[in-house]
Amino acid sequence: MSNTTLRQLTVNGLWKNNPALVQLLGLCPLLAVTASTVNALGLAAATLFVLVVSNTAVSLIRTVVSDTIRLPVFVMIIAAAVTATELLMQAYSYELYQILGIFLPLITTNCIILGRADAFARKNPLPAACYDGFIMGVGFGGVLVLLGMIRELLGTGAIFADMHLLFGPSAQHWRWEIFSVEYPFLVAILPPGAFLVTGCLIALKNSVDSSLERRLRAH
Amino acid sequence: MRVIHDIHGGIHPPERKELSRPGVLDQVALPPLLVLPLRQHLGAPAQPIVSLGDRVLAGEKLAEPQGLVSVPIHAPTSGTVRAIELRPIAHASGLEDLCIVLEPDGEDRWVTLSGAGDWRQCDPADLLDLVRDAGIAGMGGAGFPTAVKLNPGPSRQIETLLINGTECEPYISADDTLMQCRADALIEGAQILAHIVGASHILIGIEDNKPAAIARVTDAASRIDPAIEIASFPTKYPSGGEKQIIEILTGQQVPSGGIPADIGLVCVNPGTVVAVREAIIEGKPLTHRIVTLTGEALARPGNVIACLGTPIHFLLEQAGIATGPQQRIIHGGPMMGFAVSDLNAPITKITNCLLAPTQTELPLPEPAKPCIRCGHCAEACPASLLPQQLYWYARAKDQEQLTEHRLFDCIECGACAYVCPSQIPLVQYYRAAKGQIRDSEQERRRSDNSRDRFEARQARLETELAAREAKRAARKAAATDRANAGGEDPIQAAIDRAKARKADQETSP
Amino acid sequence: MVGDIALLLVGAVLVNNFVLVQFLGLCPFMGVSNKLETAMGMSVATTFVLTLASVCSYLTYNYLLLPLDLAYLRTISFILVIAVVVQFTEMVVRKTSPLLHRVLGVFLPLITTNCAVLGVALLNINQAHNFIESLFYGLGAALGFSLVLILFAAMRERLAVADVPEPFQGAAIGMITAGLASLAFMGFAGLI
Amino acid sequence: MLSLLTDHSLLMALAALLSLGAIFGGLLGFAAVRFKVEGNPISEQINALLPQTQCGQCGYPGCRPYSEAIAEGDAINKCPPGGEETIQALADLLDVEPQPLDAEHGVEKEPVVAWIREDECIGCTKCIQACPVDAILGAAKVMHTVIADECTGCDLCLDPCPVDCIDLIPRKQGIGFWHWPLPGDGAARFDIIASDNATRDAA
Amino acid sequence: MSLLRLTSPHATGQKQVSLVMQDVLLATLPGIAVMTWFFGPGTLVNLVLGGIVAIASEYLATALRGRNPSAALRDLSVLVTSTLLCIALPPYAPWWLIVIGVVTAVLLGKQVFGGLGYNPFNPAMVGYVVLLISFPVQMSSWAPPRGLEATPTLIETLSHVFAPATIDAMTAATPLDLLRQNTGLLFNDLLATRPEFSAWGGLGWFEVNFAFLSGGVWLLYRRIFTWHAPLGMLALLAVCSLIGYDGGSSQSGGSPIFHLFSGATMFAAFFIITDPVSSAVSNKGRLLFGALIGILVYLIRVLGNYPDAVAFAVLILNFCAPFIDHYTQPVVYGTRGKDR
Amino acid sequence: MKWLASIGLSGTVLALFAAITSIIIGWTYLSTKAQIELQVRRAEARQLLEIFPPDTHDNDLVEDTFEIKADTPLLALRQAARGYRVRLGTEVVGVILPTTARDGYSGDIRALVGIRSDGSVAGVRVVAHKETPGLGDKVDLRKSDWVLGFTDRRLTDPLPNRWTVKKHGGDFDQFTGATVTPRAVVVATRRALEYAELHASNLFETGADVL
């Protein structure tokens, strides 16, 4: 894998073609579990894992499957990966598993994963597919966590609460109170807040892009 | 007494008709030059039949109609053809168009005119030809060739001839004046038209803000033909719209996309009626018309009878114009007219008014604000459209939705733009959208046509190719056949002959 | 009984609307809502698939997995069921109405990855629905999805001509509009 | 690991999924054959939207081939004669994002028709053979004319002409083609026509 | 002399956006006056503060977009937004509540979509709902009307607004709250026993509603909007409450009179749901728009979690408006009978 | 017969993958099984242990349950639910009762009330509620420690008529702007205590396992 393609993949996954902000895929978890950083982090990790596994597997078997049954096969692979993750999480961080609720199994239907499998891994050799899965996962997870932090901050005035769910008792006191108000801006952690904050993030990205563009044209 | 129906919407702008003293008809001097556009009507432009330097008499035909929906053009007075060239004409685009320029000799000598004699005996078809030859196009606004309108075809049975004396636009009083000064001619013309279209009933509709005209016409009708019905109805813009007056007086609606004849009516303007009368009785073509000169920028507003082709600035100077800053000269009324962009442009068969307002009289519009969906436009729309939706879709260039929302039922009356609190130039949006849609339809027709021709050609080429193949094959086949048929093989024969000759040489000493 | 079903429907359609409140099926919601006709087509397809899948997965779970005590295979078997239902639908649509297929072609596979479908299947289990309930829950979810999808599409056609500040044009304003819509739907809270 | 394999629950799982897989696989296999579709009706609709200039600028020999290419997934922005309007129409039909016209295939120009300077034409019939829509009339050695209504302005007849007597002239000219432009947003609603000569004459 | 090219019509009417908005502002005066009489100067302080913030944020937003701010401000629509929002907010709410609300309304409700005329949702209601779900404590603490307690002086008011002390001091449950929480009492007993009620409905609230009604009727007379939306809403609200009334058992949703004249009913009917921008466009559409709002208001008031339902009902219907428009187009001239 | 082939092929391939994946999953399942069961029990026990810390008893609370039928007047349960006995040695030192407050601001409030054999409150935990965020939800320990205020109270302290929120002349705080929710919880707790008093014999002596 030449490192031009490497760079391309990276730029694509992290910024130019970011699954969450540009392709608008995997929106459901993006909006549903980002009420707090820890949830976001948990789901981000799970998604990343599944994405890498599925991309790898798909690109391995890409020559074997015929078109009629390609969807079912891919989906089965993904589902297997997800179930495994689900079981592991259940075993080793049960509370988080309970909080994430059905959004853990729902990773299966996260459009990004099937999207990458069908659009990229199916047509590319192992390393590329693997790396693409990783970087896409990071791109997605990054946005997920960012959203989680923003919403948690606006909605509670603090971030990194309850980190012990993910990192064990040592993380109990990671909670970082940034401002303390008696009445936080609740809407941020309620459903509408998810849409609104995401919308603003996208707008932010657009304006950054356009200003970069302008800078480029200036030179 | 006829029941008067109400139409949806409509508005009551200040009328300002008294400004031009309706009922008084002034003369104007002959201008030094007459400019006669070849396109004064709706449809194909006329085709010149005179050439530079020709001397022509008044009433002589200068241009022939091109195709069915077109009208000829006649000389308003005697003189010399000075030019046939592009000249500025009275048109919203401000573009130039082909015109015949005539220099009057001031003698005003007419060709000998001969009417149809007793029109009651004549066959309507012959009368129609006279109307067409007289170059009459609707004088109420659209300038649609009257001869075409008067013969809607056998499928459509005409019961009623409707004369549209509404003149609902503010300021204008040309029809009013005409009806007051030439009531008898109007009635007689109406009878002729009824005869032509075979209408059993004649109905003259006049808005109730013209009592004098109503009185004169009623009186004339009672003297000449009591059967003619005169109906007056409340003043409201745009009652004069063909479709609107029809609903007001009959309660019927012209089906969308159809024409009045579909419901057994023909609607004409009084000016048109009188023009037809002149054509039939005196054989006189359409060369003059009544024009309202008005607006506070004029010292002597009024109604004049003017030669077609008279330059606008000439008329305005006759009326003593005092131009202000950013002066507008509006051709037609304040609601539907357009601003003239070159005062050399002449008046035409559809010029019913020249309006020279001052700034205070008709202030210039402010920059448009966004639509606030207040719906006042929908309230005002006589066609019951949703102007604001049309506006949004026109902005989005969404032709599908525009036709869906019936853009083409918009009569461009401007009522919506009049009431719009955001002062959006709605009508311009509609006109632009209509233009774009017509264009793309035309393009589609073109492209369909060229697709067919392209595919036809492909087919042709293939058949030709096939044919050529076939020929070659045939030729080849023919050759071999001949060979077999001719018994001994020609080649073998040649060889034998050669051998023989050789043999002779050897045997010779 | 009928009352319960009605409540179930109202709950799934309005109070806990799948898209705006439970965050399921957002990708198609954002992706297919630019034109009203497309949205309607998508609604039909989704409603069909969703209801069918809900029922099928119910059967699979209760008559295959539970007896064999293989509950942990539910995700994979559901997704299998769904994938097949979708693919089948796609083939049929492609055969029967090419244009609908050209419009939905992109999205029919996406329905597989429409969380709403798997979501319904899983929720049916979590909430221990019986067969009838599963059927109507699936239907309700689908109707809720279709409802907001269509309303949103109509609204986006209006937004298309709005003079939106350009950083917000496109997806951003879509998100914000959806946010305000979900704000509005909070008003249904407590109706059942 | 082995012990696991023999575990009955695992075998159960195997059996269950196997049967599921088999059943559904069969179903799909059946459907794949039963609901097979041939041809691509969409290309007809695409072709109907293309301008039919037949100029080949898109890189395909005529509009129909391009329409088929699009149906196969080619870009929709390769047709200069069609320009933005066509691209928009295609985007609507196919429900994809409209891209700007691909410049490498040419730029959108105002519509033109070919016009043969008849006194210069030598009647070589070369242009006739070139014209994709048979828009040129004439026989060998007689001067040729273009049927303006049929000409698509594809300019394919220009190169073949040995004496360069063919020009492309704008198709839409004169008042007949004028219509109001859309007003600009918030702009002043009128434009000032340069001070007109009427007053000069009068003055 | 120079000539101009411009489209017809060349004459224009007198209506102008700014004048329309001015009328709306004037029409709120009686309501504001009565509110001040019953609940004290709190509302006035809200209005002033809100107005300033609104102008500031509108100016900021338009300036940021490189548009001409003064032009945007001149149409007064932002003042209408802030005025209506501030009327809806509880008097004596802390200053930051007002600020957050107004900023949200103007930026999130209006300017994101491009400013005047483009917002699909009613900005004031967007602001209101965001506040309601973020700060239910402050939003649910209405001052008691004159007659229960003395209304505070301006000084007290200012101290309340800018140095918020404890909330409950200034709080009494509104009649709608009480109706929601009422379990045991027959409706009439409720009216009789609780001091918050007068014979007609809420003490003070009846008069307030009446004042807004009169303002609305004046707007109708000025032809600022048509009767369709308000009538639709009031009629359906009345019908629903009549159906649900069942003679006033403790389960009943309250009498029609009560619903028509309590909470924000009249204010909403004439000032909120008539917002031209975010409502349906055709008259048919507006009738339906209003009617559905009426139904929703009743349902949410009686069954929902929120004592006063107007804001939610309006937003929900805003969401439906474009779809409604799609299916309620008037019959165009000449298309009678024909299906369009 | 061409389609038979097609079916056969895709069928086998699909089945093949089904096999592989199921093996993977099954293997993970079996190897995490024990751990998961442990976790589940811990999770269930956690809340109970918060009410009765481990040092107060020596039995496994999760195991030692009894059933309470739906619609018992004082506990107002919607469906039958489990209660827990807390034993030290043989004697029952306390019970944990499930209860439901149906008069919350919006919807039911479900809670666990721990009661010592001497009739004092060991602790109250709200398990599920739909109260308004930021207003009614302070009854949730995660949001505020208001519920800890019940610890060590008993039916005689305060006297039954003062078992309500201060605003209504009781001893317990309401929340700013919200009295409905707290009042509901307070009353529910009092009822649970009355229930325990009523069924003291069944609860604390004879170990009846359905009530």
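Here the chain labels run A, B, C, D, E and F in written order, and each chain numbers its own residues starting at 1.
Just so we're on the same page, contacts are C-beta pairs under 8 Å (C-beta built on N, C-alpha and C of every residue); 3 or more make two chains touch, one makes a residue touch a chain.
The model shown is predicted, which means the values in this text are computed figures rather than measured ones.
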Farthest-lying chain, centroid of Cα atoms versus that of chain A: B
Between B-C and A-C, the pair joined by more C-beta contacts: A-C
Computed distance of Cα centres, chain E from chain A, in Å: 41
Separation of mean Cα positions, chain F and chain A [Å, integer]: 33
Euclidean distance of C-alpha centroids - chain D vs chain F, Å: 68
Multi-partner residues of chain B (each touching 2 or more other chains): 92, 94, 323, 326, 339, 341-343, 364-365, 369-370, 395, 425, 428, 431
Touching two or more other chains - residue numbers and ranges from chain E: 1-7, 108, 114-115, 118, 130, 133-135, 137-138, 305, 325
Contacts with two or more other chains, residues of chain C listed in rising order: 72-73, 76, 80, 84, 87, 158, 163, 168, 173, 176, 180, 183, 186, 189-190
Residues of chain A touching chain E in the complex: 183-187, 190, 192, 196
Complex interface listing, chain D residues touching chain F: 1, 4-5, 7, 9-10, 13-14, 16-18, 20-22, 24-26, 28-30, 32-34
Chain C to chain D touching residues, read off their complex: 34-35, 38, 60, 64-65, 68-70, 73, 76-77, 80-81, 84, 87-88, 91-92, 94-95, 98-99, 102-103, 106, 163
Chain D-touching residues of chain B, taken from the complex the two chains share: 39, 89, 91-95, 97, 311-313, 317, 323, 326, 339, 341-344, 364-365, 367-369, 394-395, 397, 425, 428-429, 431-436, 438-440, 443, 446-451, 453-454, 456-457
Of all residues in chain C, those that touch chain F in their complex: 72-73, 76, 80, 189-190
